[in-house]
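So the structure is just underneath, and the comments pick up after that.
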Amino acid sequence: MALFRISFYSTCYQRLTRVNVLLPIDTPLPPGAERDWGPYKTLYLLHGYSGNSDDWLLNSSIAEMSAQFNIAVVMPEGVNGFYVDQPRSGIRGSEYIAKELVAFTRKTFPLSKERGHTLIGGLSMGGYGTLYNALKYGDVFGHAIALSTPVKVLRYESEHEPKDIEFKQAPGFFEALHGDTAKVYETDRNIALHAKQVLDAGLPVTNLYIACGYNDSLVPENRELHEQLLEIGFPHFYEEGPGTHDWPFFSGFMRRGLVHALGEPDIPPHPFWVGATGYNCERGE
Amino acid sequence: MALFRISFYSTCYQRLTRVNVLLPIDTPLPPGAERDWGPYKTLYLLHGYSGNSDDWLLNSSIAEMSAQFNIAVVMPEGVNGFYVDQPRSGIRGSEYIAKELVAFTRKTFPLSKERGHTLIGGLSMGGYGTLYNALKYGDVFGHAIALSTPVKVLRYESEHEPKDIEFKQAPGFFEALHGDTAKVYETDRNIALHAKQVLDAGLPVTNLYIACGYNDSLVPENRELHEQLLEIGFPHFYEEGPGTHDWPFFSGFMRRGLVHALGEPDIPPHPFWVGATGYNCERGE
Amino acid sequence: MALFRISFYSTCYQRLTRVNVLLPIDTPLPPGAERDWGPYKTLYLLHGYSGNSDDWLLNSSIAEMSAQFNIAVVMPEGVNGFYVDQPRSGIRGSEYIAKELVAFTRKTFPLSKERGHTLIGGLSMGGYGTLYNALKYGDVFGHAIALSTPVKVLRYESEHEPKDIEFKQAPGFFEALHGDTAKVYETDRNIALHAKQVLDAGLPVTNLYIACGYNDSLVPENRELHEQLLEIGFPHFYEEGPGTHDWPFFSGFMRRGLVHALGEPDIPPHPFWVGATGYNCERGE
Amino acid sequence: MALFRISFYSTCYQRLTRVNVLLPIDTPLPPGAERDWGPYKTLYLLHGYSGNSDDWLLNSSIAEMSAQFNIAVVMPEGVNGFYVDQPRSGIRGSEYIAKELVAFTRKTFPLSKERGHTLIGGLSMGGYGTLYNALKYGDVFGHAIALSTPVKVLRYESEHEPKDIEFKQAPGFFEALHGDTAKVYETDRNIALHAKQVLDAGLPVTNLYIACGYNDSLVPENRELHEQLLEIGFPHFYEEGPGTHDWPFFSGFMRRGLVHALGEPDIPPHPFWVGATGYNCERGE
């Protein structure tokens, strides 16, 4: 698996930012097969609060998934920003993901520009970023995979925070992200309301896959979202499964989300899979 | 989990080489606990043929193991060299692992210098490197974890090579590694013979854990080694388990090997484990 | 030169952050010489607005300076935050540099804990971070090297901003950094006032080196600072030189700043310096 | 400047290898200008003995050159192999550079496929690789920039080796690289002979730029090569300049070589160049 650790200047962040990209361009090929070299289906994959662009690489089987599903995987950095545009600081985390990063990666790599080939996914804070941006940019993302999402952004700390670790935001944290917190649920930061706005406006509807672990404290708000989406008739697939807010759940259900979006992959895991790549990369022109 | 991607000059390789290091110095702590900051038990962890120092990071749960077992993990690059000293090229892959790298990492990081706290492990080619160096440097390594090892170095290609992928060494490949291939099984490159030499000379005996998957084509030569070690009375633990020559086996049995060497860890996987690190890193002095 | 690209969890940032470290532990030694392996003098080296922890590595001769002056160099990420504690967002960029990062690197690497061996330096935004933190943490940093500093933090945009590039902060940007911008010059964010507070309180005084290029639009505010420091009697060294706000100036005057702080290095540039490292790394224990 | 740190599987090396790529896709643009997004002219840039793919990044101004000349720069790893195909080990360092790497980077990035837009360059061992591959693959490389080249491969050690550092190859080292060392000067490893073979066969002739420092011990063999090329009428440009075998020479004369190949760049160094990138990256599609 070819891995690209990238640093480039982002206008939306007004600074150099980092992104990791996996491309399945050196995986083993059956004898006689020719590599197609894309354009590749692409998953924009978001990490959670406190993490960075290495998280999915270090903690999940995403490298294997990239090979199996024959997809590019683009892993940006979210700097605890929930992948939204921040009203005051000038940081545009949503525009970055859906516009600047999509444009940058499509210009740089052989990626498909089709909506149906463009996926967004993430865990926890990245699940929020997935739902928010899939709704806001339904024209860009054909599929979305939101795992273990803190749907109620403002209740983040009080509801599912373990008592024994230091993990609370400063008083101004959510205001910096969303503006007036008293009114945040009247805006598109409210996922269910946002979904209704998309339907009402007749905007493109992204194919949503939403999952949460039985033992995750975020289950109630994911169930509630599921009910709300059913109520307004927003098409989506919701499931729960064994697990809590941890990597075995994230990794396993990312795979399930990919199968939901793309179908079972043709390519089996390689029987002699050693290292992060394959053995049969083309030579010459 | 603190990750260090390192490039430094190695005398044994006569060039800059790379090594990745995980240190459990920023994992979550129970309330009121103080971090000990080492010196840490250390696992020198070797990748397989065709791989590099990122392999274990990208394809296994080694980051989580580092946190759970509270061990440093040092992942060098083996450049297809089987971690042996090459008689003609001047490349000293064995001295590099057991002497230069051990010295470099102990001088640089807060690592334990005790033999009982120093482990070596690896998969496939790295399993060979593990057994070879554990025997040669029994004074350095207290424990060894050899997974899915091609014990018969010269029969590598003919015996377990899938037919459908390009993965064969050039005619001079094994000669470059071992010298005269006609006599290689009369030297310490023969693991069973090497083990006998260690016992005969009364040298320090490393605690060996050896495992192979039922469906791995390397099972026969691992069983044979097990029989040979039983015969000469070399203490070791051997087991087989479900799986083939792939990462689910490598990752799962590395964990079993660590439990064999160090016992079950006290630290459970963190219930709110997001990202590659914890949340409670000390501040101030 | 040994280079460590590090990712670790920072409490002050509440997330994984990155830092690059250079250690002169594999540089060439004269025949017969023994390496001392530290504890090393350390330069905490800050990048400018829009940059990241790779900036100094990619654009200056810092690797060579690390070898020549036999110092460790620690290059953190400042995420456009001017290396100050932000009153509302919870981001503590100053505490991170002066306490958490200093503690982390001293616990991890063989670094000197002496104030006289601990330097802070930076360019542009990092020059501001250098002056601010050298004054606030005079007990930590014995020397400071501030290059091409935007001393007047609020006048940043209006005064020295080229007209032809997009480089302006959102309206809430400086408020997020400093709090009430109407009163910011009455606080320690005002460098001259801060310096006076240090003198008045009898706190430890860091040895300041300040430089700016003749053709840098920031020259007036650096001269003004120089005058103010003279007036209050704050010991410092100020110089200007040929150049503008670019890397030849930053790289050249970082070297001058190091000579000012540490004296001319004994070690000449190696006559056969190829690659980023030397050739004579110790082996064995 | 966008930097890509890449790991991918190379068939020629039979393992994962690393390569760094600079693309000038985020540099500042004049107001109103549109970015062309390539296809970019490309410099394949080789490091010296003992180095790796980070060398040019850490020790020269190559990032600035990439921006100024608006060229992609591809920096592979040579693992002390002089960028030739090794007859016995199966390592094909020449095919890797001229075929596999060129194909991989052109398939992955928006690079020009024109011979006149494809440059190869390097220092010391990389200067040898430059000359050797520019001659062997004149159909691929339109321009070559060979700096401070050890032209006499076998006399490497004896002629220009400083006495006080450990830097000598094992007896079998050159045989591993070139085969029978007694006959190596009768093969294409002899650069002057190789050049004559190219002329005699009427093969494409790469535009050669060759330079060496006055104080470099390699000056005599570079002068001799210059004389030999004059004698056989192989078109080239040769110059010497102040300096020795060090980075100020390599960096400065790489720039001169680029001007020789491409002409003076239109783009001046940016007057407010902070960080490794520009400030005006496009947004949206």
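Think of it as A, B, C and D in the order they're written, each chain with its own count starting at 1.
One rule holds in what follows: a contact is a pair of C-beta atoms (placed from the backbone, for glycine too) under 8 Å apart; a residue touches a chain by one contact, two chains touch by 3 or more.
Note that the structure is a prediction, hence the values are computed from the model and not measured.
**Student:** Would you mind reporting the rotation angle for the C-alpha fit of chain B onto chain D, rounded to the nearest 5 degrees?
**Tutor:** The C-alpha superposition of chain B onto chain D needs 180 degrees.
**Student:** Which chain's centre, taken as the mean of its Cα atoms, is farthest from the centre of chain D?
**Tutor:** A
**Student:** Express in whole angstrom the distance between the two chain centres, defined as the mean CA positions of chain A and chain C.
**Tutor:** Centre-to-centre distance between chain A and chain C: 36 Å.
**Student:** Let me have the rounded angstrom distance from the C-alpha centre of chain A over to the C-alpha centre of chain B, please.
**Tutor:** So the centre of chain A lies 34 Å away from the centre of chain B.
**Student:** Chain A: which residues touch two or more other chains?
**Tutor:** 1, 3, 7, 9, 11, 14-16, 49-52, 54-55, 166-167, 275-280
**Student:** If you look only at chain C, which of its residues touch chain B in the complex?
**Tutor:** By the definition above, chain C touches chain B via 1-12, 14-16, 23, 25-26, 37, 95, 99-100, 103-104, 107-110, 275-285.
**Student:** Of all residues in chain C, which touch chain D in the complex?
**Tutor:** Within the complex, chain C contacts chain D at residues 1, 3, 28, 30-31, 47-52, 54-55, 57-59, 61, 63-64, 123-124, 162, 164-167, 244-247, 269-280.
**Student:** Flag every residue of chain A that touches chain C in the complex, lowest number first.
**Tutor:** 7, 9, 11, 13-18, 49-52, 54-55, 79-80, 87-90, 166-167, 169-173, 175-176
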